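One chain, chain A, links the two complexes that follow: it is found with chain B in the first and with chain C in the second.
== the complex of A and B ==
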């Protein structure tokens, strides 16, 4: 836990400590006796002797607020702590063991929820007589099911995680799993629940005391003070204000403290990021537009603005796609391959901004546009018609509430088609068996491969000029992957001239489907060229190492690349691959190499490419 | 012939999960495993391959006693896991461990990696005090990490490093048998090779028996001595890995091999039609017949059992037409 995060606790912590200290120190402070009456000066306003004035019996309000804090805080905290301990224990046991134990713990606690809370409290108080002890008891009963339910729900989701199974596999005794592994990991929502419960316990304490069922007069409590002040609201409105302010202030400080505490306890730290509602046009200097065959990405640089300044995620990326050509973009996680494709679609996350480069695209009308500088309205007109995209996970990219036929029809209608007659032929074209029936099915009713076929049908509905596919087969089984790959190949043949950008991490798939390959590493294009040439004779050590690390053939030992991909915050100064490169020399670590032409059709970002054979 | 006493062994294991029906909670059994026999010898690596829903992960958990078989027996070093007391089972657990697929989900995000690696040592009282830290340091070095990393939290490591930590945790109790459930599937290609090499080294150095579950045939081929091919909860083909890769017999094994993309040759165009049927309502007879290019009427009626292929000794295939295909 670092100091920075602990510091975020300072303000709410100090405030809470101040409140607690004032309440604890009340007997020692030079305060008037909170129960001594002075009827002659009832409802007197603030004076030097009584800073906040005097109440309906002439008692000192400041003193009663501080003494009242003792009662209110003690009741709220004790009741909540009791409820939290009991409820969490019930919830964990019920959630971990399920079955009969669940019935005896969580479900039993839930019976309490059947009663309206105020009624239940009234019942207990009536049976046991008013007083602080009764109040704590009834509040604890009232709040136990809340904790039990939160703990139960969290336990159910955490117990299914691999690290809990790992503990079982280690042979850990059950109580150790519950205390060491489960409890710390379900704590954050319980902390939030705790802060909410303490707050509502204070309010309820006030309410019950106000009704005359809680703390017995003349002992001060905030609820009793509100109750007393209500009757004289017209003559002395300030009397109502002070206890209300005290209550609201204490509740707010507590909520803030618990929120911060939860963030501090999360080892991964709080996620930062500004909310983004609208895609803003990047503030880029204008650039000339020239004719291109289909798509040309040039010098694309993407940054994300963070707390420590701008971080470059993609630097100087460039490639082109000709008509009817399939270009594969390969790279490992963090290589920037998906961001590059999203930039072409104009679908970058709000936090990521392009800072340089051009994306030239020739539309169906023969007009060349720079997609990086195109206003959103015009971009929208292109999306789904000239440009289409297929995503990785077909189960999350289809709307679960719409029938498959309707989703395909939607993409047709978005671009002016009146009827949805062509839906069934489209579904047939992508090889869905029994397309009439499948059009009426919901996404969850068909298999993963069929969902991906439906996604592809929606993408090609308007005969796009360019299809962008982001890992379209990664989530699928091998035999289904083969089907989808051959479907894409067939579609490209049928849709004369459609270009395709295929993003993948699987090199074997690249050799199956693509004409040309773009290899990306740590946000840069390191090599580009025809697939057969690049795979036969790579001109960048990274490509070579990647190919060698694929477990094919009879090598006794795989050629692993040592080290890990560098993080965007911590990029090497020179060549980004240099720290992991077997062939790196002095200059590689100092100067970032440029992408150089190796031949008419190939480029490499390595100063030593000539030596690689 | 094979040695008499395998280290880990599943005999006719069936495992059902109960899924609630749509109304009134009537339970419907879903058979994740049906009559599966698997043996793992000491110091042997057995690969289990198959597509999603074939029961390979369930098999791994059953072999470790994390799930009880509905029918059949699971034996570890000759002892039936179901017959053991809790206390004895816990001592057996020391000798068998697991490595999970997702290196992000298998480590507790709130405890230091040193504490998690040391768990097994503390639980089984293999060491105490300073000696625990020394063992943890040794384990970290063994998987190629810096012993100084013990005090850090899992999120400070990359995916490949986390998988090494998970391997170190599994090794902490000096196990004889490890089930690795898709240990490299979530990793990048260049990192995959590091972890595969690590497993290969450990197997050689420590004489570990390994059940390696994967859908990636290339990795399995590289690492495994023997292979078990599964489909919809049943074993389709089993035998020495090199022989199966050289000459697959079962139509499903053949299709799986043909569908796997390769750098060296293009995948066969559409090797198999359709997709894996739902495990809740598997086809009658041979479960593969609905997608099998060689299915005949018999296949819908008879459930093929694993038969030793003539003239091989240790290749077993569950297909009515196995002999015909093999010749």
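== the complex of A and C ==
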């Protein structure tokens, strides 16, 4: 993977090296003297002796372009090197010592940023007169704060790390910590900043030369050449083209190199994949649709397509929810419970695709639909109306820039409501104090519990037939959790036949809120049944272990489940729980068990369920 | 909100004072006598009597603090002094030219936003697709061509080869609105090539980041259409970095229109500055630098206010 990234550096790297080599080799190449004039042959077109023709003084254009690269690169590199040295030193000192030293170094350097860059350069030229020395000096001043800022920010983040503190504790001299430990660790962003700055320096240098305030004639410089060719544009337009191409090409190569360097050195910022909400319907074989009371998920299998083939995240998951029924889906993180619920809503992340199964749902019109095969337009009509969802973290699930009332009103308007006058009654229904005022509030102005109440108000705005709640209390304070739970219970009672799927990893709340429970482990449903029956007599060792790990009444000690949940890439061949199961036998490790009916209302994925009494 | 604005304004006023003092100090602390430097042409030592006369006229014979006090006093009255070359009041010339430069910058920013933002959103929505790759490639190219090269090539192609427009110049709006706008569009469009590419890039990556946020999925769960989600929950949330970057570049442009004004003969503030720099007319350079830097500071103030308008959380910070 790293090799692949390095290879992406090859093309711009080689081109940059070629430019550098040509510039360095200019004195050795068989080129005409770049400053020798031949006025008799001014503006002559290309010839054998002058491949790109001659300029307004009869000088050889090709030679001037190559020598110009020398001047441009020399100025840009020298100025950048100066700025990098000074700026990095200032940034490290400021970031390491903080306090007064920070004020004297980083903040002082930032004064330069009070001036627009080109303006400052012109100010320096006024004071010192044009020339290469002035040019380098002014560019170095301009770019120093950039390096100081990068070095400062990186130093701040690195200096608190353990290995730096360890060195301090060992009594290493500060100078050594800074040079040997700190500097190598903050180098990558500085390298990116360096190549970025060389490109900007070339652009500024050529700009100033173009104005006649940079490189002094007759030295060749691309900016000067463009300035000269402008005056003879009517007679010899090509003369204008060559230096323009050279300059733009060189900057393009440097910029490309810079982009690739950033990708290699700092891969964090890379984002791939298309957004989830432009969902494409997964290509699934057609399946029959039969009548169900409310919701039936059957054989749901979800995969993520990776570089090394597909990985199955959820396998053969199934459960059903009746009218007015609450089903709790429990399991550890990574068991696939959230993905299963998102599949019902048709809101799976773009990378996750369903490859098998059915999700049958009876809408409020009495029609049964297979949500896995429903086109997006029809799916959208159901979302927020027949199907609603409450998410885990109300802080991030509310848009911070929109008023709470407006976001609740979205639910109503998305499904045809003309006015949003029922927003305040909705907010009152979910128990928000002073709903008129809260509707005008922004999310950051109310507490976490109140945000979740607002989210619930938006979810129930259209009296959905099925409410999916994905760990709706996990992100909240313990005292608030109980309030939200009782709100959900009350709402269900008030909403008549509304069914609810309640996803949680907290077994303690399940018996309070749910009629039936679905236990998931490593992407599979391992047990399903009425809460009271399952809790009283679990028919799967994992359920039993989960129940044993819940602190309850006078439990002497917590029984932790040994081992960890297997990773999707590395699933056991047989029963997925077998490596952690105290009752596993030979067959458990060899054959993946099926979900079998234990009784009319209960199912288990354990081959030894009969012995678990 | 008002308290926030007042605090920011006070801070900006302080910065302007710092900048004014710095400009004063830089001019007076450089080695050498400005009067002597000014009068020495081509290495010939100037007439001592003339230097003395100029020192008197510029007040350089007074103690430094007295010079500083009278400089600051004059600034507060809006008096930038007289040009050394033609004794013309500098404030008048700035007042004449500044609006033209601002017009150019604002036009360029509007063009950049008009193209960069929608294209950035479109590219982000199809990240990795054909449109995205085409647009991103074009943006990389646009960012690599220095602005004066774009301008020069535009003149070469549009004015000289195709004879569509004249090579540059300026006509007051009142005299000929149509021609004024055509002449404005050339330099403004030139600036917008690079600036539009910047807006595009920032918008694209910002939208990509916002699309991953939870509240977008929550909005989708409420049944909002894709267009509604993009409008209400994506674009506005993605704006903050765009505002930052555009403001930063506008600030750079305040001094950076020099090149474009030069290429298109646009009689703005920058051309005046270049002339002043070439003639080493200190009072002129000081006046222009001060005005531009003040605008720069004010621009940052406006940006801070914009943040507060976009994001309610900032108002209470």
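The definition used in the following text is that the second predicted complex is superposed on the first by the 423 of 613 C-alpha atoms of A that agree within 3 Å, B and C clash if a C-alpha of one lies under 4 Å from a C-alpha of the other, contacts with A are read in each partner's own complex, and residues count from 1 in each chain.
Heads up, the rule we're going with is that a residue touches a chain if its C-beta (ideal position, glycine included) is under 8 Å from a C-beta of that chain, and two chains touch if they have at least 3 such contacts.
Given the structure is predicted, the values throughout are model-derived calculations rather than measurements.
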Give one of first, second, both or neither to describe whether A:384 is in contact with chain B, with chain C, with both, or with none.
second
Between chain B and chain C, whom does A:175 touch in the aligned arrangement: first, second, both, or neither?
neither
For A:418 in the superposed arrangement: first (chain B), second (chain C), both or neither?
neither
Once the structures are superposed on A, label A:565 by its partner contacts, choosing first (chain B), second (chain C), both or neither.
first
Quick check on the superposed pair: does A:545 touch chain B, chain C, both, or neither? Answer first, second, both or neither.
first
Where on chain A is chain C touching in the complex?
111, 114-120, 122-123, 125-127, 199, 203, 206-207, 210-213, 223, 226, 230, 233-234, 237, 240-241, 244, 247-248, 251-252, 255-256, 259, 269, 271-278, 345, 347, 380-385, 388-389, 391, 393, 396-402, 407, 410-411, 414-415, 442, 444-445, 455, 458-459
What residues on chain C touch chain A, complex-wise?
15, 18-19, 22, 26-27, 30, 124-129, 140-141, 143-149, 152-153, 155-156, 160-161, 205, 208-209, 211-226, 228-229, 232-233, 236-237, 251-256, 258-259, 262-263, 273-274, 276-278, 280, 282, 285, 289, 292-293, 296-297, 310-313, 316
In the complex, go through chain B and note every residue touching chain A.
51-52, 61, 64, 66, 89-91, 93-94, 96-98, 100-102, 105-111, 119-120, 123-124, 153, 155, 158-161, 166, 169, 173, 188-194, 196-197, 200, 215-219, 221-223, 255-256, 258-264, 266-276
For the complex, which residues does chain A have touching chain B?
161-163, 165-173, 176, 180-181, 184-185, 265, 267-268, 332-333, 433, 447-450, 477-483, 485-486, 505-509, 511-512, 535, 545-547, 549-553, 555, 557-562, 564-565
